[in-house]
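Okay, so chain A shows up in both of these, paired with chain B first and chain C after.
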Partner chain A sequence: MKRKVSLLIALVMVLTTLLVPTMANAAEPVKIGVIGPLSGNLATYGESTTNGVKLAIAEINEAGGVLGGRPIEVIAYEDDKGDSTEGANAFNKLVSEGAKAIIGSVTSGVTAGLATLADAEGMLLLTPTATADTVTDGVTGVFRACFRDSFQGDVAAKVAVNLGVTKVAILYASGDTYSSGLYEAFKAAAATLGLEIVATESSSSTADTDYTTQLTNIVASGAELIFAPYYYDSIGPYIVPQAREAGFTGFFVGADGWDGTQNTMTDDKSLYNGCFYTNHYAPDDPSEIVQGFVAKYTETFGAESLTALAALGYDAAYMLRDAIEAAGTDDTAAVIEALYGISFAGVTGTFTLDESGTPQKAAPVIEYVDGVAKFYAYI
Partner chain B sequence: MDGLTLFIQQIINGLRVGSVYALIALGYTMVYGIIRLINFAHGDFIMVGAYALFFTVPVMIAAGMPPWLSVFAAILVCATTGVLVEKLAYSPVRAKGNKMTALITAIAMALFLENLAQTLFGANPKQVKTIFDLPQVFGVSGNTVLTIILGVVVMIALSLYVKYTKTGQAMRAVSEDKDASLLMGINVNRTITITFAIGSGLAAIASLMYVAQYNQVTNMMGSMLGLKAFVAAVLGGIGIIPGAMLGGLVIGIVESLSKAYIAPLTGGLITSAFSDAIVFSILIVVLLVKPAGILGKNTGEKV
Partner chain C sequence: MDNQKVRTKKLLVSLVGVGVLMLAVFIFDSLGMMDNYIRGIFIQSCFAIIMVTSLNLVMGYLGQIALGHAGFMAVGAYTSALVTKAIGLAIKAETMAPISPMLQFFIGILCGALAAALFGLIVGIPALRLRGDYLAIITLGFGEIIRVVIQNLPFAGGKGLASGQAGQALIGIMRMNDIYVIMLVTMVCVGIMIAFVRSKFGRAIMAIRDDDIASSSTGLNTTYYKVLTFVFSAFFAGVAGAIYAHRGLGTLQHSDFTFLKSTEYVIMVVLGGMGSMTGAVVAAITLSVLPEALRAFSEYRMLVYSVMLILVMMFRPTGLFGSYEFSLYQLLTKRRKKAVEPEQTAAKGDN
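Then we have the complex of A and B:
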C-alpha cells in the first residue's frame, strides 16, 4: 500500500514537471518593475505616478495583455524614498528578479543614478516624470514620457515675453536638481529673449516653509515677474501668499512642479491670479483621451492625487506596451531598439521620441483664475 | 525701498519665523529641563497637533465658533500622544537603558510618528483654513505679534508654574536627583508624566501658531521645525525656559539676515540657500564656545 502511494506521488510529480512549462508558455507574464518614492516627503509624487501606472497596466491586461495574450506582471512597486541609494537597491532587486523593463523613478535626482545603472546592465529604464536634462545624457536604454527642463525653461521665458514684462526675478532651490536645472534653463532663455534678470534668490531646498526674506529682496529689486521653479506644496501655501504679503503684485511663472497647487492654496484664491505654469497636460482639455483618463482615474483613486504625474505614469505604461508589441518580443534589447523613435499618442500629447529617448512635444501653459486651473495657450 | 527700511523689514521677517521656533523650543526645553531627555519627537508632536487642528477647525467654523478654539482639542490630542509615547516607549527604555538608549528611542519615535501619519492621512499635504484674521501692527503681521505674545505668556506661566506649584517643585526635584526625590516621597513617574503632558500640550499651541502662519500640514513638517527649535533651545541654554524664547527669536533673525545679506556680502559665493547651514553651524559654535547656552551657567555638564 505504502509503495503504491509513493508511486502515485512520484507519478504526479513527474506529470507536474511535464505540465508546468507548457501551461506557463501559453500566458507567461511579461515581468516589469516600477520604482518611485512611495514614502518620505516626496511620497505624494510616487503615489500619483504609480497610480497612473497601475491604472494603465490593469487596462492593458483587461484588454488581453501583450504579445497575443501575455499579461504584464509588475514584480513590485519598489519604494526609493526619494533617495538615490534606496533607488539603486530597488533597481538591483528588480533586475535580479527578472524584470524585462523598469518604469521609474519619479524624481530627477534618483533617476539620474538609475540611468547609469541601466546603461551598465543593458536594462530598459523608462521614467515617466524625470525632467532634468542630464537624465538621458550619454546613456542608452533610458527613456522618458515627459519633456526636458531646458524646454520648460524656454517656454517659461516665452510666457514672460508674452505677458509683456522686461524685469524678471528668479527664486529657486539650489539644492534641488529639478529646481536648479530649470533656473539654468530659464536664465539662458531669458538672455536670448532680452529679459533683464533683476534679482536671483535661492533657498536650500524645496521643503523650506519661509521665503519672506528672499521675496522682500525681490520686491525691492522692482521685478515685474517671478520665475519660481518649485513644487505645489511650497507654491500654494508659502511662496505666493508670502510674496503677496511682502507687497509683490506682479506675475508668477512656474513649471510642471506647480501642478496640484489648486489643492494647496490658502483661503484667499485671488492671491493666485496672474500665476502661470507649464504642464504636461491640461485637465480641462475636452479631447476624449484626456477626459476618459480623468474619469477613470477619479473613479479608481479619487481626484486628490490626480496630477500630471499620474497622466505621465499612465502614458509610460502604454509606451512600454507599444514598444513590446512593436518589438514582437519581451527581450529587453529588442524593446529598447523599438522604443527609440517610437511615435505615441497619449494623455500627455502625441509625440515621437528623439534619439536621446525624450519626447518632442508642446507644453500647455496653465493659468490660475480665482483658484481654478485654466488652459492659457500652447507655447 | 531704501537700505534701512529693507534691513528693518528683514528683521521683522526674522521675527516671523523666530517666534514659531521660540514657541516650539519652549516645549523642548521644558522636557529636557526635567527629564534630561532631548525629545527628538517633539517636532512631530507639532505635526500631531497640526493634524488635530486640520480636522477640528472646520468643525469649529461649522459650529459658528472662532476657529482658534480648536486648539483645546489639539492640546488634548497632543498631551495624550505625549503621555502615550512616554508610557509606551520612553519609560520602559529609561528603566532598562541609559541616556543614549533614551535618545535613540526618541529618534525612533519621531520616525514612527512621521510614518504613522503618512499611513493614516496620506502623503498629500493638507490645507488648514484661515485661523486668525488679524491686522498688521506697525508693519508686522498680526500672526507674528500674537505668536510672540503667546510665547511670552507661555514662558512666564511656565516659569511661575515650575517655581511655585507643588508639582513644579516636584519637577525640579526630579530633575535634580531622581533617587533622592523618590526617597522624599515624590511620585517620580507621575511627575514625569505630567511634564510630558504639559510639554506636548505646549506643542499644540505652537501648532496653532504654525498653521495660522503657514496654513499647511504634512507628515514631515515636524522634522526640520524640531531641529531648528532644538538649535534654538541649545543656543538659549537648554533646560532654561526664557532661554528657549530668546534662542528662537535669535535663530529666526540670524536665518533671515543670512538669507538676505550673505550673497552680496560674499560676492555671491555663499547664497541664501546656505542659511540652514549657517543656523546649524551656530549649534556647533555654541557647543564649542559656551555649551550651556546664552543664559546658561557653565557647570561643566555636556549637552
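Then we have the complex of A and C:
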C-alpha cells in the first residue's frame, strides 16, 4: 500500500514537471542574470549596483516588459565576493540556467575574467561599472554603461586646465589597479595639455591612513593642484585633512571613487572646498529623469546606498531593454548586434556606444561646497 | 608474502582505480551532465587538491605551520602565464615553430613549478631555521612580499611582457580548461606526493615532526630534509598556480593571492586532517564545492560555511580524517579475506 502511494506521488511529480513548460504561454519571460559582489569588503558597491538594476527591472515589468508584454526575469542576483573564480562560477551557472544576457560585474578585476568567458561563449555581458580600459579590449559581446579610466584621467586633466593651474602633483596608490590606471591616464593627458607635473608621490595601497610624508613633499614642490585617484574611505578622513594640515591650499581633483566622500568627511567641512571629482551623474541635476530616479531610489532603498553605481546599474538594465526592443527578439547574438552603436538616454547621460562597447559621453564634474556635492560642469 | 609482488599488485590496483575514476568522469561528460558550471568547479577542485596536498606535506608531515603558500602559487601562476604568453607571441611573430597549446601549457606548468621551487628554496633556507609561530609569521611575510613585488613589476600587469603596466591585472592569458588534462596533472601530482611521503624522505620528515632532537641525534640532517620538503611543496604550489592561471578566465590579479588565500588552504588542511593525504583531497573537494552548493542560500551561505567549519572543529578536532589513509588495495584484500579465508590475520602492510 505504502509503496503504491509513493509510486503515485512520484508519478504526479514527474507529470507536473513535464507539464509545466508546456503550460507557459506567449508571455514567456526573457531571462537574464545579474552578478555583483554582494558579500565581502566590496559589498556596498554590489548592493548599490544591484539595487539600481532591481529598480529598473521592476519599472520595466510594470510598464509591460519587453517585446510586446514579455516580462524580464532575473534568474538570480549572484554573488562574486569580488573574487574572479567565484565570478566565473556565477557566470557559468547563469549561462547553464538559460540566461540570455548578463549584467555584471561591478569591479574591473572580476569583469575582465567574465569578459573572456563571454567572448568565448557568445554571451552578452553588460557591466554597469567596470571602468578599466582593458575590460572591453579584444572581446566581442562585452559592453559597459560607464566611461573608461583613460577618459576619466583625461577629464581630470582638463579640469586642471579649466581651473587655470599649471603646476600639478599626483598622489596615487601604486598597488591598486584603479588608482594606477588613472595615474597613467592623467599623466598622459597632462603631457598633451601642457600641465607641468612637479611631484609624483604614491602609497602602496588605497587602504593607507597616513599620507603626511607624501603630502609634505607635494607642498614643498609648489604644486597648485593635487590629482588623487583614491576612494571615498581614504579621501574624506585622511588625504584632504592631512593635506590642509601640511599647508596645502590649492585644488584637489579626483575621480568617481570619490563619490560618497560627503559621508566620510571630518567635522570641518570647509577643508573640502576646492575639491573636484569626475562622476557618472550629478544627483542635483534638475532634469526630470535624474530627479525621478533619485526620488524613486530613495523611496525604495533609502538614500544611504544611492551612489553613481546605483545610477549605472539602473541605466544598464534600461540599455539592455532598449537593445532587446531594437533587436525584436531575445536571441543573444541579435541583441549583441543591436547594442553596438545604440543611442541611449538615461540618468548617467545621453550617449552612443562605440565599436568597443563603451559609451561616448560627457562626464559631470562635481565640486564640494562646504561639504555638499554640487554640479560644477560637463567636461 | 613476497614484498615486490604486493607492491606491484598495489600499483596495479591504484592504476585501475585511476582508470575507473577517469572513465566515470568521461561517462558523466558524454551524457551531457557536465556543463561549464560543473566543469569550472571541477577545475577549481583540482588546483585546490594540489594546493592542499602540497601544503599538507609541510603542515601535516613536516609539522611546520606555513602561511605563505599562496605566494608560491602566485609565482607559479605568473611565471607560467608569462611563459605561455611569450610562446604565443613568438609563434605569432613566426620566430618560433608552432607547437600545440597542450605542449605550451606543459612548458608553462614546468616553468611555473620550477620558479616556485626556486622561491621555496630562497624562502626556506632562512625561514626554516625557525619553527612554530615564528615560522608561521615569517612565511606569511614572505608570501606578502612576493605578492607586492609582483604587483610592482611592469611586465606582470596589463597586456604583459613588453606592453605591460604595473599594478594592473594581467590579461589575455591562454585558456586551457580541458578537464581531462587537468585531472591527469592533478593525479600525477598527488601520486608523486604520496610516493614522497612513503619514501625514506617521508619517513625522515615524519621523524622530525615527532621529535626534532631525537631524529637529529640519530644522524638525520634535519635542515636538509626541512628545506627539501619546503621546496618540494612549493614546486607543487607552482603547478597549482599554473592551472589556476590558465583556468579559462584569461586574467590574473595580484589581489587573488593575499594571505587570506593562504589561510583558506590552511583551513582545508586542518579540516581534512593534518598528515592525511586522503583528508587533504576530500577537504579540498568539499570546501571548493560547498560554497557553490550553498549558492541557493545567497546571503546566508558564508554563515552556513563558517558554522560547518566550527562544528567540524568542535567534534573532530583532528580533522575529518585524522591521519587515516584510504587504500583501495586494503579495502579489496580485506573484503576478500573476510569472504574466503577468515582465519588468516590481515597483513600489516605500509598501506
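The rule we apply is simple: the second predicted complex is superposed on the first by the 355 of 379 C-alpha atoms of A that agree within 3 Å, B and C clash if a C-alpha of one lies under 4 Å from a C-alpha of the other, contacts with A are read in each partner's own complex, and residues count from 1 in each chain.
By definition in this document, a contact is a pair of C-beta atoms (placed from the backbone, for glycine too) under 8 Å apart; a residue touches a chain by one contact, two chains touch by 3 or more.
Here the structure is a predicted model, which means the values were calculated and not measured.
Trainee: Between chain B (first) and chain C (second), which, if any, makes contact with A:E224: first, second, both or neither?
Mentor: So A:E224 meets neither chain B nor chain C here.
Trainee: On the A-aligned overlay, A:D256 touches which partner chain: chain B = first, chain C = second, or both, or neither?
Mentor: After superposition on chain A, A:D256 lies in contact with neither partner.
Trainee: Looking at the overlay, does A:S108 come into contact with chain B only (first), chain C only (second), both, or neither?
Mentor: The second partner, chain C, only.
Trainee: Could you say whether A:D233 touches chain B, chain C, both of them, or neither, answering first, second, both or neither?
Mentor: first
Trainee: Taking the superposition as given, does A:G138 touch the first partner, chain B, the second, chain C, both, or neither?
Mentor: After superposition on chain A, A:G138 lies in contact with chain C alone.
Trainee: Please work out whether A:E184 is in contact with chain B alone, chain C alone, both, or neither, and reply first, second, both or neither.
Mentor: A:E184 sits against chain C, while chain B stays out of touch.
Trainee: Tell me the contact category for A:N41 with respect to chain B and chain C: first, second, both or neither.
Mentor: A:N41 sits against chain B, while chain C stays out of touch.
Trainee: Given the touch rule stated above, what does A:T266 touch, chain B (first), chain C (second), both, or neither?
Mentor: In the superposed model, A:T266 contacts chain B only, not chain C.
Trainee: Look at A:D330 in the shared chain and tell me whether it touches chain B only, chain C only, both, or neither; answer first, second, both or neither.
Mentor: neither
Trainee: Can you give me the overlap between the chain B contact set and the chain C contact set on chain A?
Mentor: Correct list for chain A: 39, 174-175, 204.
Trainee: Can you list the residues on chain B that touch chain A in the complex?
Mentor: That would be residues 1, 6, 9-10, 13-14, 16-17, 115, 118, 122-125, 127, 129-130, 141, 214-216, 218, 220-221, 224, 255-256, 259-260, 271-277 of chain B.
Trainee: In their complex, what parts of chain C are in touch with chain A?
Mentor: So the residues of chain C touching chain A come out as 35-37, 39-41, 44, 148, 151-152, 158-159, 165-169, 171-172, 175, 247-251, 253-256, 291-292, 295, 298-299, 301-302.
Trainee: Enumerate the contact residues on chain A facing chain C in the complex.
Mentor: 38-39, 76-79, 83-86, 88-90, 92-93, 95-96, 108-109, 112-114, 116-117, 120-121, 132, 134, 137-138, 174-177, 179-181, 184, 204
Trainee: Can you check the complex and tell me which residues of chain A touch chain B?
Mentor: By the definition above, chain A touches chain B via 39-41, 43-44, 46-47, 173-175, 201-205, 207, 209-210, 212-214, 216-217, 219-220, 233, 236-238, 241, 245, 263-268, 304-305.
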